[in-house]
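As written, the chain order gives the labels A, B, C and D, with residue 1 at the start of each chain.
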Amino acid sequence: MLQLLTSQIGFYLLLSIFLIGSLGSLFLSKNDKYANIWGNAFAILGSSLGLIFSVSLMLTNRTFSFNFNSLYQHFLDFSFNVDMLAGFFIGVISLIAIFCSFFALGYVKHFYNKYNIGVLGFFYNILIASLILIVTSSNAIWFLIAWEIMSISSYFLVVYDRNDESNVKAGFLYLIMTYVGTAFILFAFLLIYKYTNSFDFSIIKSNINLIPFHIKNIIFIFSIIGFGIKAGIIPLHIWLPAAHPAAPSHVSALMSGVMIKTGIYMFIRLFMDILQPIPVWWGVTIIIIGAVSSLLGVLYALTEHDIKKLLAYHSIENIGIILLGLGSSMIFNFLGMMSLSLLSLMAALFHTLNHAVFKSLLFLSAGSVINEVHTRNMEEYGGVIKYMPQTALFFLIGSMAISALPPFNGFFSEWLTFQSLFQGIIQLSPNFNWIFIVATGSLAFTGGLALACFVKAFGSIFLAKPRSQDVKHAKESSLSMRIGMGFLALFSILLGLFSGYTTILLEKVGKGLSIFNEVFSSVSVSGDQLFQINKGFSSIRSFSIFIFIILVILFSFLVFKYLINKNQKLKIDKTWGCGTDLNSRMEITTTGFAKSIILIFKGILKPSLQSEIKYHDSESRYLPKSMTVTFKVNNVYSKYLYKPIQKIFNLLSIKVKKIQSGNINLYISYIYIILIILLFFIL
Amino acid sequence: MNIFILILQFIFIPLISPFFIGLIKKVKAMLQNRQGASVFQVYKDLWKLLHKDEVVSNDASWIFMIAPFIIFGVTLVVGVSIPLFISNLPVYVSGDILLVVYLLAVGTFFLALSGMDTGSSFGGFGSSREMTISAMAEGGLIFSLLTVSIVYQTTNLFNISNGNIFIHNNFILSIILAFAGFFIVLLAESGRFPYDNPDTHLELTMVHEAMILEYSGKRLALIEWASANKYVIFASIGANIFLPYGISHNTAILSIIFGILFLLLKISAFSFIIGVIESKIAKFRFFRLPDLLLISFIFSVIAIGIIN
Amino acid sequence: MSILFLQFLLEIMFLTIIFLHLLKKNSDVVLAYIVQSILISLVLLNSFIETGDILILWVILCVLVVKVILGPIFFRRLIKKNALAFSVSTYLNSPLTLVLISFVTFMAFSNKLLPITNIIPSYHILLSLSLSMIFLSLFLIVNRKGALSQIIGVLSLENSIIMFIVFAGLEQSPGLQIGIIFDIFVWIIISTVFASMIYNKFGSLNVTEMNRLKD
Amino acid sequence: MEIFFIITLLVLISLITILLKKRIVVEVISLFGSSVVLFLSFVIALKISYTGTDYLLFNFFSIDSLGAIIIMIISMIGFGANIYSIPFFRKETEKNIIGFSRVKQYFIFLNLFLASMFLAASSSNPILSWIFIEATTLSTAFLISFYNKPSSVEAAWKYLIINSVGLLLGFFGMLLYFTSISSLHGNGLISWDLLINNVSHLDPIIAKIAFVFILIGFGTKVGFVPMHTWKPDAYSKAPPPLGALLSGALLPIAFFMILKFKIITDMVTGPLFTKNLLIFFGLISIALASLIMLNSKNYKRLLAYSSIENAGIMALGFGFGGIGVLGAILHMIYHSFVKSVMFFSSGNLLLKYNSDKIDNIKGALEVLPVTSISFIIGFLIVTGVPPFGIFLTKVNILSAGIKIYPIITFVALFFMSIVFIAFLKHISNMFFSEKDDDMVKEKNNIWLTITPIIFIVLLIVLSFYIPPFLSNLINNSALIY
């Protein structure tokens, strides 16, 4: 059975299921309900099959690749390579997709009779399928095809809620950015083709040494830009906080959890596999990008009061953390410390997996809150926990995981990342380890700021008094949605609990890459998930920690609740408000919570504060009528980078349009002039 | 024997922590030429609080209700995973520095949430400031501990405290720098001057007290106790990691008792210093604190820099 | 006929194009075109005399019918119907035009184009002259604002090309030439129709009025 | 014999149409004719493909493999134009924009236009081809001024003058090639083969000059910058089906002529000269078109500029040579179909909104779902989004280019992405915007939408599967050109 599954047939089966799902829901689009059920049912089916596929693949190392020559394009060979890395990413994709689809079953209901559900199901399935194609395709052209299918389908999902002007704008920005990225990628592959005469990854890999050094560097830069746009590294990230909120929540979960990881996948594929050997400055660049992205990402997240934008910025932050791992892996790889390089790669992969889990969990729970309260603005939430207790719990787990609190999964991947950076600091000479010090510092501060940010998020969404009427009508979300969230929450606990086994699996994945084939591991896992880095430099046992924490908290709970004076009375009364009757306007707001941090980092964030006061008596100005204070953070990137570019091209095009002046004599004079030029100068 | 040691380690922190809070109070009182309450007053307060009835805000959710237990429990867990009086605990959970840091962060997280939960404006501002400070403190804390673990080639606190300082004479300067950084963080994390004023209520500058304003009865007791634990935890980390003298390296009764005495001595010294500081300097303006914490971070970075 | 005579004819034709540049009255412009066409037929007659191919007579006949009789009739009707005695002005005033004309002529004589003006070395002058005529007719179309002058310009461009190929000994089989002339005929009809349409729509034959279609 | 039938049939139809009084008869006859033509041209193509030799008919017609491809394109676009024209003009008569006489006129000229295109593509003699290309200009001039508005007259005038000038220059260049043939041949028909056989007598510098004239002359017809100026006017003023024909069928023919002369020139001067010229024109065409598209205000002009850009891409392909030629030929095919899809869809938009300004089109996705979807798909295809064919052809062309001129390739790629951005900007304004309230969604008129849909299906099929006879033709012509 498994043999059959982990083979071409299984692969085709996988894709065909999604295809059936998409087309079926398109055909059923007359009836919203059926279309929704059909589309998501097939998505669930396909992705659970994919999960089995990848797990059995990783456990049994039964990697396979196949290709046959193309229809008429001589270089468009239909070639796929399902190795361990691809298997791992298929696993991540499927894992997230299953629960997003479960969630969608209930979530999509509120689109009924508003938009065409069939189209949603169509593009949703196509998106998942294209993600799987991306990580498996082993030919640049096929890769680009899958890549663009992913971009286009996700674009149509972003503009799905098209009656909102801002969504269309966001989609526009997104598609432009991603197309520019594709152009860069295409050019990078063309450069590779120029020297290796092939678009097939395996062939490229085998005669990579034909590419001269400086060309390799150009390729690196282009692929950084191309894939970095998709991964959302700063400053190429501007589409991300715009597009992810625009999409329906289960889609934004998929996009933020998985889609941006395809950029990471290609980074790994190119830098750790195909373009090997690599110069050191690539790794340094990656680490610097990672440090900047993680720190700035979390800072921008702090400034947000749109919940989905906040989560989107956290995706940027986590991409940064992943890149820290990857970059250190690349540096170690250059220095020939292969086992350490493997360790860092494991850290990156582990964080990829974890971030996929808890970020999609967060997006889903945020989505179910938005679905009830009908706004993304956190200032209008408050006290939701009383109306949606389970969603609140899921969001809490998600926030603890993302801010790397033990015993959830986020902690362990960040721990691993920290360890690899520590190793860099300890073992490398001063001309390298400064970069690791920088990375560690940024990671440390990122952790602290992320914690603050999620206290803010959870507090202002779920705690205290409701700040708007809509909250009071909120109800706990439907069963299928809770299933989706609940399982992801469960996974973020389990992945933490069994982080040892996960690490071993990831090591296998890493060793799947040819450069790590015979590298001895620097991680040893024993017994109760005790895993040690580098001969006991540091060690941690996730399992016993988990048990111990639970026990101790239970213990203290029992002791103090029941042993010490069990007949204590508990009086419910209203919060003390210095004698005034406290209302929800007096609570701390989202902006207020983050303001102190924003002011501390005002050098980077460039906040601007305008206040205007309207007076009853405009001349004497004694009796103010109203006072409005607007506190916002300037988007330096669009101001100093993107707007100027746009201006330049607009100006250029307006200038060029003058050519078409409408005067026929002029037109003929063009012909005359070009004739003269060609006759007298070109010849 | 081992199990006995483990239990001792488990109860040690909560047992001694109120005493040192009392000690600091005593020192401050003396410096203000007051008699001051007895050093054991804090125990009495906790006992009293534990037997009072509670008033809970009607806006509060289950977060508010369970937070104290989590906060307190976390301090217990950390108390077991750091070296106190013996450097090679026979059965230890984990002594990893990152684990300790992030476990304490769990406590901070829930403390801040509970502060926001009741919807009182005090609580909200308290949490905001608390999170700001702890976010800024994170770097300094990790780096100061990292410095030491680089010196001793391990991130396991027990192994570090096991190491012999005398063979590391060439690193003495960096250890001192790191200790300076650590001490600044200690003040921040345990809510002491110049960061926070543990004595006053209803002052706009307060951080910790603002968050727990709505608590009463045993939950208040737990939180107060937990904060005391946190202080002692930091103190003993400082004591055992940066100047690991006298900690017992084996499970012989005598050396353990010796270690305990040494630890108490060192923590008392800490408390005395803190008491002096608290009576000598004023509380800083809030926006000056980040600079201080940054300084601690820089100290540790320099320390790492001069190691190699 | 002797080469000198041919050269003489060609120079007259060259002059007609110069005139086309300078003339203001539409009727004169048409007249100049008629002269051109007659010269063409004379030159063709010469090649008939040389080759003795009867078919060329047909070609000459067509030329005369289309370019000397029918075409001018159309133009005349156009002029009469719309009562436009004077063609609209040029972009450059006459002196500047003359300067440019001389420049263009030099260009045609320049060494760059030697290879094509030297196809038949003995006819070098003639070929260069007709090449310069090609350039000049193009310049006419550029310089003139009147729709009629543009039509004439295109036609004289065609004439000059015919001239060139005749002297370069590149005449096609008469059948093809007749085909070409048929094309020209249709072209004349259509263009005159459009010219009158322009007059109806825009109230003048000034093509610079037509600048609605921009960007 | 088939080509002869085709032409006689088309001419006959247009003659008969003059006499007809009933509209339905006109339409039926024209449709019948075009379907027969479609069939016959496929027969020709199959013959050429399977015999592997050129198709010759009493030394008047000779069609090589590329010619066969172009003939198929003409016939299919012509067929599509016929199918589309019937409902389109019925709609317009409903809205009494035009009357029966105009419709009749339209069909007369349409068939003449088709006939002259077939002749131009198939005749064995350059001069004849030239004559018939001139004839296409003449037959379409009236169709461009079809609506008889000032602007359309203006467009027609510009079209007429600019094209005539261009073609005359082309004519001159063409004649220069005949210097290779000693004037003894003077009276015989000079066929392409004769030119190729006598190429040894051709002076290289003359050949270069001649090619310059050819490139400018027929480049005017193709619409290379800066000779493109007539294109936006003509395309935007002509009836949409004619726009499809102009951009889908006429452009390839003109390109075809250039290519034929390119071969001859290459034999004398070596390939580099013509290649560089083609690359030069291709590049400036792409650059200028893309920049103008960034803020153009009229969607039919947008399409015109897009076809200028695509002509540029083809020129690049032929200029880069190698595998680029394959790509360029495929690109020619795809472009013809996708552009007619877009023109037909734009026709539907025009019918609904009575305006060709982009700003006046709001929320089309709700008002005209099918048309909008076909337009959007057309946009995705024409801008070379995977997995559609044009992406692959672009990759072909660029991968040929990267080998020789990396920088030029990069610039071309850059401007191609600007084209995408420009297109997307207008698309999202037109389709994803909030619709005005007075705009009511009407039930989809199947006859107006069937043609675009058929072509889209065809395109999608072609981008994944090229039938053997076609790939055979493509490969042969790739070998020649």
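Assume a contact is a pair of C-beta atoms (placed from the backbone, for glycine too) under 8 Å apart; a residue touches a chain by one contact, two chains touch by 3 or more.
Only a predicted model underlies this, so the values are computations on that prediction, with no experimental measurement involved.
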| item | value |
| --- | --- |
| Pair of chains with maximal C-beta contact number | A-B |
| Chain whose mean Cα position lies farthest from chain D | B |
| Separation of mean Cα positions, chain D and chain C [Å, integer] | 31 |
| Where chain A and chain D are represented by their mean Cα positions, the distance between them in whole Å | 45 |
| Inter-centroid spacing, chain D versus chain B (mean Cα positions, whole Å) | 80 |
| Mean-CA-position distance for chain C and chain A (Å) | 70 |
| For chain D, residues contacting two or more additional chains | 157-158, 161, 165, 205, 209, 232, 292, 296 |
| Set of chain B residues in contact with two or more other chains | none |
| Junction residues of chain C - those touching two or more other chains | 113, 138, 141, 150, 207, 210, 212-213, 215 |
| Which pairs of chains touch, using the document's own definition | A-B, A-C, A-D, C-D |
| For the chain C and chain D complex, residues of the former touching the latter | 51, 53, 55, 113, 115-116, 119, 134, 138, 141, 147, 150, 154, 157-158, 161, 164-165, 168-174, 176, 179-180, 183, 186-187, 190-191, 194, 197-198, 201-202, 207, 210, 212-213, 215 |
| Sites on chain A touched by chain C in the complex | 657, 660-665, 668-669, 671-672, 675-676, 679-680, 683 |
| Of all residues in chain D, those that touch chain A in their complex | 157-158, 161-162, 165-166, 169, 205, 208-209, 212-213, 215-216, 220, 226-227, 229-230, 232, 277, 288, 291-296, 323, 365, 380, 385-387, 391-392, 395-396, 398-399, 402-403, 406, 409-410, 413-414, 416-418, 420-421, 424-425, 428, 432-434, 464-466, 471 |
| Residues of chain A touching chain B in the complex | 382-383, 385-386, 389, 392, 396, 400, 403-406, 411, 415, 418-419, 422, 425-426, 429-430, 433, 437, 440-441, 444-445, 447-449, 451-452, 454-456, 458-460, 462-465, 536-541, 544-545, 548-549, 552-553, 555-557, 560, 564-565, 568-577, 582, 584, 586-588, 592-597, 599-600 |
| Chain C to chain A touching residues, read off their complex | 91, 107, 110, 112-113, 138-139, 141-145, 150, 207-208, 210-215 |
